[in-house]
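Shared between the two complexes below is chain A, which pairs with chain B and chain C, respectively.
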Partner chain A sequence: MTTKTDVGTMFTMPSLGADMTEGRITEWLVQPGDHVERGQIVVIVETDKSDIEVEVFEPADVAELLVAAGDLVPVGTPIAVFEPVDPRRATTKHTAASRDEAPDTADAPSPARTPSLAPAPTPSPSPHAGAAAAHVTSPMIRHLVDELHVDPRRVQGSGPGGRVHRADVEAAAAASRRPKVSPRARRLMSECGIDPAVFDATSYVTGDDVLARASGPRRPAPAVCEQPSKADRMRTHIAELMTRSWAEIPHFHLAKRIDLGALTERLAEANEARALSDRVVPGALLLCAAARAAAMVPACNGWWVDGRFRPADDVRLGVVLSLRSGGILVPTIDRADEQTPFDMMKRLSELVQRARQGRLRASDMGEATITVTNLGDLGADSVAGVIHPPQVALVGFGAVHDEVSIIDAMPAIRPVVHASLAGDHRAIDGLTGSRYLTQLQSQLAGPLLEELS
Partner chain B sequence: MSTDNETVQMTGREAMREAMRQAMLSDDRVFLMGEDVGAYGGCFAVSAGMLDEFGPSRVRDTPLSESAFVGAGIGAAMGGMRPIVEIMTVNFSLLALDQIMNNAATLRHMSGGQVGVPLVIRMTTGGGRQLAAQHSHSLDGWYGHIPGLKIVAPGTIDDFRWMLGPALADPDPVIIFENGGLYGATGEVSQTDPGFPLNRASVRRAGRDLSLITFGGTLPTCLEAADQLATHGVEAEVIDLRSLRPIDDETIIDSISRTHRAIVVDEGWKSVGLSGEIAARIMEQAFYELDAPVARVCTAEIPLPYPHHLELAAMPSVERIVDTAARVMQGEAVAAAVA
Partner chain C sequence: MNARQIILDAIERIAPDVDVAVLPPDVDFREEAELDSMDFLGVLTAVHEATGIEVPETDYAQIISIDRFTDYLSNRMQSV
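Here is the complex of A and B:
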């Protein structure tokens, strides 16, 4: 995403997925003159699928921003000029001083940022509250803040040293009271991008009130506000991709039932010793196994491009995540075959959290070499998937559930998972696909089992 | 309704009589039966003179047993006839409910499509005529609950004249609910079949501010309320459902997508009734078009009183509709207390 020129390094609109052709700058997190560290998030880009945080990979000084926030530009368009700097100088020079107004971006690289994305559960220092640093939050105050849906940063403490009293919270709640808004008005506000706060808190807001704000005259043609929502665009994107896949790719489907008895037992033991937040779910093991099997059977790991199969050098695993609001995202995990189950679990939790916040990063959106869809505990027993082009295979897992198995010539009740492979018959055949599923099974029975101990 | 169609003035009972006469003249399979439909000319004089014109084999007086003569009608329909069975008032139909619900509504299903019941049942419905608690019901919504039946309710004299034809042509049982108050009302009737589909609602008055959704006996009430509202600058659209099963969602949702407010006016009781069904469909399909909660004007939750002033006070009135409309237009949540 960077190219060297005489004036500096051109920072270009990155391709955040094979099918991305253009992106909209949602927000710049840096200004000309700022210094950026490796891994620092500098810009948020909106694609058809999600808002994505884009990091830089080398330390640099920001010379110039070429594209303003809100603009839509094709992939590859220069969007900023960076001056490369000597890495040694960069690490000694501390840069946060000039960035008070956006403390988030001045933080150290990625990992430390994650907590700051979550909504603040308790009052925290912010420019909105004068003596906010002195907040004292008794359980009663915290409960009240929660109950009245008050933004804690907007509560002004009136007690000694900014101590917050009950009345302060109630005053903040009264100040932030919102007007009654009809369902239609709520929809139109969202479609027209109008903030409910512009309306008098004691009024009853109807759709016509919103339209009057939006364009002046009463009862205008509703078309002025009819822009496709983000969810609609995601749906359109999925529709196009899946239609293309189904039309172009001659799919075949294979399935294998895999006994998880030993693995779930070992997993329970391993989890017992770990803190609740560090525990590993079976889904992470399935991802590990799918990635390792892809490394063992490289014919399934790559892309069908221009009429022939191009194998990938390493395994970048696409992981299908369903959003609560509908639709799916498919972020990727680099070198997924090299991850331990515990690393994989950590990576998966981060991805899920960021995907749900609609804030995936550029490094989450690499070009996958093979994709996994895991229906999870509440899902169906098995899945016959649709391949994400230009990949040649999609691995599916149903819910882990109990079935009757034959063990030592006796019926036994065992936890099993139905693993499936959707294959592109132009690139691979049934035998290759079967080998993949067999490898997957041996990974779950052997190496992964040992790593859990 | 086509514009080149000449109209004549008729009462509701004349319109239905003419509909039955024409059906019997044009199709030998059609006959009328029920209590007092022959010699007496019908309890509400709808079939007056028809015994003389068509004779006792086609205008048949029956014993006072609804279960027996509705059952006979079902048998005749299965045997290839096209019977019109008149039940004097809706309360008496409860005696024939087993025949209607367990035979007429189910036989096509139970026979795997081999046997249909092309039967038309007409019955008088509604209050306001001092017939007291046992003869003033509005159970149209009850019957609308039952798959296998089609339920229609004419609210205009034109529909009294022209709904019977498509009902008889339908291969399955159709019940026509005739509001007793409309038998004596006068209205314009098209001289040739306007050809309006039986299952479609009709916008009887166009408006931009509010949709009044109703049918049958409360249609004239709503039209009068809409006229009064117009003098206050509120243009109400009036939708005549016409068909209660199936319900024409499209016309309702289309109207609300333009007016963004709705009041359902139903002479039935509010609890667990048709008005709740309509409101739920609006919520399911047009919630984000609404600028106010859907309101309902229904009959008070009591057996209808005999004294006329109490009876009228219990039923939906122009005054209550206008009052409710005023609150809906102000965007106030209409309290459940509007009984």
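Here is the complex of A and C:
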């Protein structure tokens, strides 16, 4: 992310995922002259997937911002110049060491600041310059837009250059007042093509009301939006990735039903003794098991690149998170196979919280070696997934639910989960995939069970 | 603050897209508001922050609707 030069450190547009080629600066959180600490978030970058908070890994002073908020630049473009921290102000040993290693620049020629690297990106006129969304620049206004659930595309800016004021947002919110609907009802309306206007604006519409109406009047086809919204861009990104996967990868699917009787029992006992903030949901255990199985069956953990499989050295678990507003984000958990169930739960909570706010961190966006989709307790019973290229496997979990099982030759009602593996048949075969699911099962039955006590 | 408002605030915090003021009080709110287990834990955490009361997992069955959750929380708040 950074390149050392003799005049400072070039902070470049980071690659936040293998398929990212460019990013737009949404907002700078620092100004020239500011001092930044290790781990501090300095800039928010918008990608097709999400807004991403980019942090710095070493303390520094901000010398210059090279790219303005709103500009779209390719990955690798210098976007700011950071001066290494004055050693007298250095707060960490790490910084002092890197100062010592830095070449003495006293008698070096002082070329212009890496002209080859940092052409001032010409601010090209945006094709969407007339659209209001581009002018929602102030964090306060953006917050208001979110708070009032206003579609930024529907906000008309009344300020100079279409700049959006508070009153504009409030006007848009008032204009879009509709009957109150529950999230389930909203989803069903969109799925059934029902116009929310058919419901009484003063009533509360539940999912059942929508189902009762499902054969009623249909909504006309929505007008095509000129500027894709954040949700549209995310949709486009998912569409491209999934189309490429389905076109290129010869998928095969395996499934295994796993009894979770002992595990859920032990989990309930463990949670009983723990404070709310330390409680673990079954999903965290499933992630642990998936990651550990990947470490045990390395043929499933890596990438298919240039016609051959490249195994990864460690397990970086991609975790599919569904957003309440639609779409998915897939942040990554590093060294997922080494996490205890409690650590995994903490990490998962953080990710869910950040994803919900639409703001992941750059450190959440490492390249995954294998991905898990967990439909959760409100989901379907099983899933046959689509692999995220260039990975070679995707693990799926349905909702944990009760089924009749045979225990000691007698029928018994037990909580089970249907685990599945989508495999890239170029890289792995059914036998390898089966071995993976068997490993997954033994992780849930053995080590994880013990770690909970 | 009354128990019902505390619960509604907690749901709103976890699921800002839900208009809690008109969420039906007598249906399974987890299903109606589409709260998964992580979300539900978030709601309980928010309630705990507001009241100091922790709902054990064994009591989950008693708090499925807003009405029942309100009764449950009021009782617990009184007995503190």
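Here are some notes:
One rule holds for everything that comes next: the second predicted complex is superposed on the first by the 315 of 453 C-alpha atoms of A that agree within 3 Å, B and C clash if a C-alpha of one lies under 4 Å from a C-alpha of the other, contacts with A are read in each partner's own complex, and residues count from 1 in each chain.
In the analysis below, a contact is a pair of C-beta atoms (placed from the backbone, for glycine too) under 8 Å apart; a residue touches a chain by one contact, two chains touch by 3 or more.
Everything numeric here is computed off the predicted structure, so don't read it as measured data.
Of the two partner chains placed by superposition, only chain C is touched by A:349; chain B is not. Taking chain B and chain C in turn and counting the residues of chain A each one touches, the greater count comes from C. Contacts of A:213 after superposition on the shared chain: neither chain B nor chain C is touched. When the two structures are aligned on the shared chain, A:256 is found in touch with neither chain B nor chain C.
Of the two partner chains, chain C is the only one that A:282 touches; chain B does not reach it.
Contacts of A:376 after superposition: chain C is touched, whereas chain B is not reached. When the two structures are aligned on the shared chain, A:183 is found in touch with chain B and with chain C. Once the two complexes are overlaid on chain A, the chain A residues touched by chain B in the first and by chain C in the second are 180, 182-184, 187, 204, 206-207.
Within the complex formed with chain A, the residues of chain B that make contact are 260, 287-292, 330-332. Every residue of chain A that touches chain C in the complex is listed here, in rising order: 146-147, 149, 180-184, 187, 204, 206-207, 268, 271-272, 275-277, 279, 281-283, 324-325, 348-349, 352, 376-378. Residues 180, 182-187, 204, 206-208 of chain A touch chain B in their complex. Of all residues in chain C, only 15-19, 21-24, 27, 30-38, 41, 44-45, 48, 54-58 touch chain A in the complex they form.
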